[in-house]
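Reading through the structure tokens given below for one structure.
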Amino acid sequence: MIGPNNVILIPILAGILAYFLGKVVKPAREGLTLGSVIAVCYLVFRMPFDKVISYSYSFKLPYAFGSLSFGTNALTSFFAILIALSYLFIAFTAFALVKDKDYHDTFYLFFNIVAGSLLGIVYSRDLMSFFIFWEMMTWSSYFLVIMNAKNPRKTGLTYIVFNVAGAYAMLTAMFFVYAAAGSMQFDKVATAIALMPNTKVLFVSILFAIGFLVKMATMPLHVWAPDAYTESEDSFTGFFSGTLSKMGVYGFLLFFATIVGFANLKGISSIKDTPTVGYVIAWLGVITSIFATFRAIVQDEVKRLLAYSSIAQVGYIVTAMSLGTALGIAGGLYHAVMHTIMKLLLFITVAGVIYRTGKDRFSELGALITRMPLSFLAVLFGIIGLAGMPPFGGFASKWVIYMSLLKSHNYFLLVAMIVSSTAAFLYCYKLIYGIFLGHPSSPDLMEVKEVPAFLWVAQVPLMLALMVFGMLPGLLVPYISKAVAALGFNAAFNSTNMYTLSAALGGFNGFTVINVLGVIFVVVLIWYTLFFPKSKKLHRLDIYYAAETPTEETPLHYGYGIGAELHRIPWVGASLRRHITTFYEKFAEQVNGIASVLKDILFNGDGQIYMLYAVLTLVAIIMFLGR
Amino acid sequence: MRELLTNTHYIVLTGVLILMVIGFFGALTKKNLIKILISLGIVDTGVNLFFIVIGYLNGKTAPIFSKPGLTPQQMVDPVPQALVLTAIVIGVAVLALGLSIVIRVYEHYGTLNVSKIKKMRG
Amino acid sequence: MSTGMRILDLIAYPFVAFIVGMLYMGIARNIIGRIHRRWGPPVLQNLIDVFKLYRKREAGSHGVMFHLGPMIMVTGVVTCLYFVPILSGGKWLHGFSFEGDLILVTYLMVLGALGMALGVGQGGVPFGVMGVTRGLTRLIGLEIPYFIAIIVLMAHYNTASINKIMELQAGGISNWAMFKLPLAFIASLFSFWGMMGASPFDIPGAPQEVASGPATEFGGKYLALMMSTRGIFGFLKLTLWVDLFMGGAANLLILIAKTFVMFISVLFVTSVYSRFKVEQAVDFMWKYPTLIGLIALVIEMVR
Amino acid sequence: MSWFSPILMIAVPLFIAFLIPLLGYIHKKAGLYAMSLTLLFNMLTGFYFLPKVMVKPIRVIVAGYKPPFGINLAITPFSIFLACLISTMGFLVSLYLLKDNTTETQEKFAMLILLVVMGSTGIVLTGDIFNMFVFLEITSISSYALTAIKKDRKGSEAGIKFLLVGSISSTLLLLGIALIYNQLGTLNLADIANRFSQMNPKVAFLAVSFLFIGFGIESEMFPLNAWAPDVYQGAPAPVAALFSAVTVKAGLYAMVRFLFTVAAKSVFIKLLLVFGVLTVIVSELSALRQNDVKRMLGYSSLGQIGVILFAVGIGTADAMQGAIFHFVNHAVLKATLFLSVGLLAKAAGGSTMEDLKGIGKKYPFVAGVFGIAALGVMGFPPLNGFVSKMLILMAAAKTEHIVLIMLILAASVIEGVYYFRVLQVMFKEPEPTRIEKKAFPVLSLVPLVVLVFAIIGIGLFSGYLMPYLKGAAMDVMNRSTYIAAMLGSNGGAL
């Protein structure tokens, strides 16, 4: 039976083959990627969801590593399915959008390797294989970030510094734990940590947290994310911000719930029976979502707005999970799925829009609803989900997170989260207004065609998924409860049927909500279109304009300026002016300064000084070690 | 263990020390490349002299069967002297190579001042 | 209660809200008129306006989304209405409130506004977009005190379902949340006034600045739909506040009495204060009402 | 066949080296082909003896005098392992040189390359301390000549600096050997090791510190490696590849053999640890601000050597195993980097970042190889650099060196920055119009292909290499087996 270890190799081999075979026959790249996508989806879905299976895979690595072991449990299958589906949708998007680009070959090489390494992360059962695939994800996604970047130098270097530094923080913690446990297997490591003294456990958990918070782009470690998400290859961005950030979520859950264990973290120090480390991270998550939401509203670039919105949404997941309550983790997982679906849908559509119009700023777009109706519908579904509006799944996941915060009495966290989720309506509206409504900023926008057909293969299922999860919020509950159980928590949902979602303090019936909405809308629609005379189609410029008549030149696409008024709100304005990046830039200057001073002093080019160094070292050794 | 250091040993050892000090002082302070190479040569001779002193036994003669009837017991320890031969050859080779490179450096830089020859630094 | 009656009850639901809502708007124009020492239009003026607009022969439209915008608004508001029980006791006029809870209602309230905003977007009128932006920015301010208040409620009564909250407040005035959680009530009042469009907060539709904001481009049947929705929305909020803080109403008469008290508070505030700028509104809302709410929250956490 | 002994690995290259000027008359390129053939021969003999020595070390007696009197070769697992590595890398660089016409005088070049490889093999195989000094001097002198072979400004400047510091090292080594001979009266490594404790402690300490500094200069340790960046920048690229892959290894071998087997002074091993970490930090930081890619690679090479010294300094068997593995990876990776930069610089007419702008688009294969090697050096998973770095850091974790691990990981973040910056300059800048694309000679691409397969192959299938690494590590760690093998009667007298 093809175990997880083979599933990982399929995309990686496909990628490498695609690169070389593609040189001979170009369509081989799409063919191989498609083959690997189908194989991965088939195998991932065929694997039993919550039966714990483990494989050891001696990969001929030296004795010190032991054999790399892989396996599945409910949590891994949960994320594996997420990865497989995103891999499928993004592959189709890439088939359409990357067809005639010059980096056609390297794209498929690195895209498949990233997919393979994601599966590797999820299926690995020991620290070393987890780290191997984590690093492979980092460097392969680096090349996809700089592939089509406008200024690859700044984006690429910030991405590498943060992600590699995060990975190495995680690695130090792994070595710490390896020294105590003597082995890299998760279970042995878990038992070893239980016996470690408190200060060490705290040190290890902070280092692990840093590694995963960098990946989840939580404040103050988020600086790489906006640039990386905006400048990465258009069709890859969905995968990047939708699925790669979820690896941070998976890692966080894996290490904090099973290996380090919330219980003994609580033993060390806790505030109101939530571990202090978790409590601090929860506040970090909330602060991230507030800052990121306000920063998202004032953006003019479409992808940068979505990038900041990703950071904000993942901030919710961070807050929900890090409190260590069963319902919180369930809420985090639910929102992880919803966020992936929404971000895939939005980024794929935006990539299609950019591909067709060649423009990526709100001030250059506008009134595309007439030319690209399906994309409009896709973005409409997306923003309803993003804003967390009831008929679609976005509301269900946010509802669970709110309930978890209410149940664990973290009211202040909930109030802070409300600030950001209410402000989210602004950037959702700006997204759909800026691109599809209002007035066309340039005449050529009126000749644009709909997004390529392949994208519909990705968009339609995602839209349906949002609707279905909205209609049947309880559909995911059994799977989430199994995943939460795999982490050692008993699931906290009261209801088990598909239609309702109920937990701690209340519940709601998604099926009724969408039916009521549907019935009323149909009634109003019939009543309005049939019984009333047809409305007269007015010309675009025939609008109420305070007694003047606008001409073709008057700039009417006012909506792209949404968010300008935020600067005037005292606290929000202050947060928008102050950037955390200045701190990092100063730090980078400091390091560069030391580096250049160091090299100029020590290697100053004079042969005689070099001789002097040798003699002085000799004298120093004799004097100091002489006694 | 040959601990019997006679006063001749001490005289020659001080000589070695003086040579070494002069050599190192010259190499580390003089700016002219050729002077540096010469002082390195001096250090080399100092070391070779030190080797000879190690093998010297008071009142013994050179380890060559020049006269019939010389027994090895009357000779000084031959091994360091063999080593010194190789060391001298190496010293010469290094010095010759050094001077040829110094000529080429002079062609390029027009100066022999070692603190001026630092286009490659940092 | 047979299903037939249930269906009738459900059909009557929006119309009750529509009629009462329109009457209140008529009364409001009358009272403000009297405050300005003039007679003010007849009480049924709003109903007359709405029917006049429905009779209009044609209405200008800028495209599909423009056409659907007001419809989504109505759908959103009426759906939200169905989840707020008009009468307590769960027999008559309780809509679907047993299937939803307070958080669902909070988010449904915004769904209508967003639907209409899409219509305004296609309308293409800069004033419309200005109105929508002001509305959404103001929402950031209003939502916080309101949400703090309902958190206090949910924490205190340990449930999120509106009906349960109403039942727990039964038995006399002293049992009302208004008196049990006074600070939370005061904090929620501020956002109540804001959402009802009382003067310091009627920023989106400010006639002098943005020519009635979002409703600028809509005429004929679309304007009629929007005015009736505004009526229903007013009624919805009134009943919600009554349910949450005054133990709901056993029958329509009690409901009208209680809602009238709340409505009077709106009128007083409207006619006294002058309009805020958007940032002032948000800043104001984040200062005093939020502070009061947080104090209520702390008290609640301590108990 | 008793005549086929490891001594041939030294005798044959020596003989051919001095035969090359004569071959010059037969055919202009004969010297170069002779060089490659001899190195091939060396490689094959090395690999022939490798499994044998793993079982039992060989002691080659020269000119009939049994140790501890005559000069003899001590072929132990660690030395034969390194001998194979040195000869293989020498052979690959020589393949590159066949078509590389950097210098007009081909004979001198071929001879010097042979002498350097022979010298290094000698250092690694010899069992006599003065003999090791002589081989070290042969390597150094031919390295000075190789650095300055191109007669240009950079070459001669680098050459003279290398010579000055090198002569200090040889003087100190001589002094150390003299002191040891004065006390113990013997030059045989095993014999010295055996009776090292009988030395007067003061003189012993002095001798060890002299030799520590002497070998330190050869193995590019921090305060003593100031000459290295200039040499890597000044010397022609293939020569720089040879230095980083071969001569440094010999210097490191001498340091390790002396400190671990001969003078088991733990103070100096701890010193090695400190200097190792210092080397890593200083060289990685200095590499950050470099504009010339070859000089940057020089610094990065120092950084990797710092990691090796750090691993050796830890002093446990695991760490030594990781260090030896890093010997191999560093040699393979640095050779690939220098050779590919050599090709690219030759095409672009210079090795600064400015010249190499957009070169990746014009020569995708060679720049791709450079990229893979860069990923390997940085220690990214599937490649070989990752495996040895993990082994070293795991060993360090076992001995509670957590702060040092964090320092080294911070240094490798810096390493990531400057390597990705070069990759970004090569691949993302617009294609240079002034260079017209002309294909490189096939023969100079062969070593690159072999090295890339080695990088990926060792990375994936490092398990096969482990027994040899374990054997070599054991050889270094326990002195007594070395002494017994070399002095005891059971020594295999060939």
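Should a chain be cited, it is by its letter among A, B, C and D, assigned in written order, with residues numbered from 1 in that chain.
Rule of thumb we're sticking to: a residue touches a chain if its C-beta (ideal position, glycine included) is under 8 Å from a C-beta of that chain, and two chains touch if they have at least 3 such contacts.
Values in this document were obtained by computation on a predicted structure and should not be read as measured data.
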Chain pair with more C-beta contacts, B-D versus A-C: A-C
Of all other chains, the one whose Cα centre sits farthest from subunit B: C
Chain centre separation (subunit A, subunit C; CA means) in Å: 36
Chain centre separation (subunit B, subunit C; CA means) in Å: 101
Approximate Å spacing (C-alpha centroids) for the pair subunit B, subunit D: 29
Rounded Å distance between subunit A and subunit B, as computed from the means of their C-alpha atoms: 69
Residue numbers of subunit A (touch at least two other chains): 596, 599, 603, 605, 607-608, 611, 615
Multi-partner residues of subunit B (at least 2 other chains): 27, 36, 117-122
Where subunit D touches two or more other chains, by residue: 160, 164, 168, 229-230, 286, 289
Subunit C-facing residues of subunit A, complex: 367, 369-370, 376, 380, 384, 387-391, 395, 399, 402-403, 406, 409, 411-412, 414-415, 418-419, 422-423, 425-426, 428-429, 432-433, 436-439, 500, 505-509, 512-513, 516-517, 520-521, 524-525, 528, 532-538, 540, 542-546, 556, 558-559, 562, 565-566, 568-572
Residue ranges of subunit D touching subunit A (in the complex, touch as defined): 160-161, 164-165, 168-169, 172, 205-206, 209-210, 212-213, 216-217, 223-224, 226-227, 229-230, 267, 271, 282, 285-286, 288-290, 318, 321-322, 325, 375, 380-382, 386-387, 390-391, 393-394, 396-398, 400, 402, 405-406, 409-410, 412-414, 416-417, 420-421, 424, 428, 460-466, 469-470
Of all residues in subunit C, those that touch subunit A in their complex: 54, 57-65, 67-68, 71-72, 74-76, 78-79, 82-83, 96, 99-104, 107-108, 110-111, 114, 117-118, 121-127, 129-130, 132-134, 136-137, 139-140, 143-144, 147-148, 151, 154-155, 158-161, 211, 216-217, 220-222, 225, 277-279, 282-283, 286, 294, 297, 300-301
Subunit D contact footprint on subunit B (complex, rising order): 1-2, 27, 33, 36, 40, 43-44, 47, 50-51, 54, 77, 79-80, 83, 86-87, 90, 93-94, 97-98, 101-102, 104-105, 108-109, 117-122
Subunit A-touching residues of subunit B, taken from the complex the two chains share: 24, 27-28, 31, 36, 114-115, 117-122
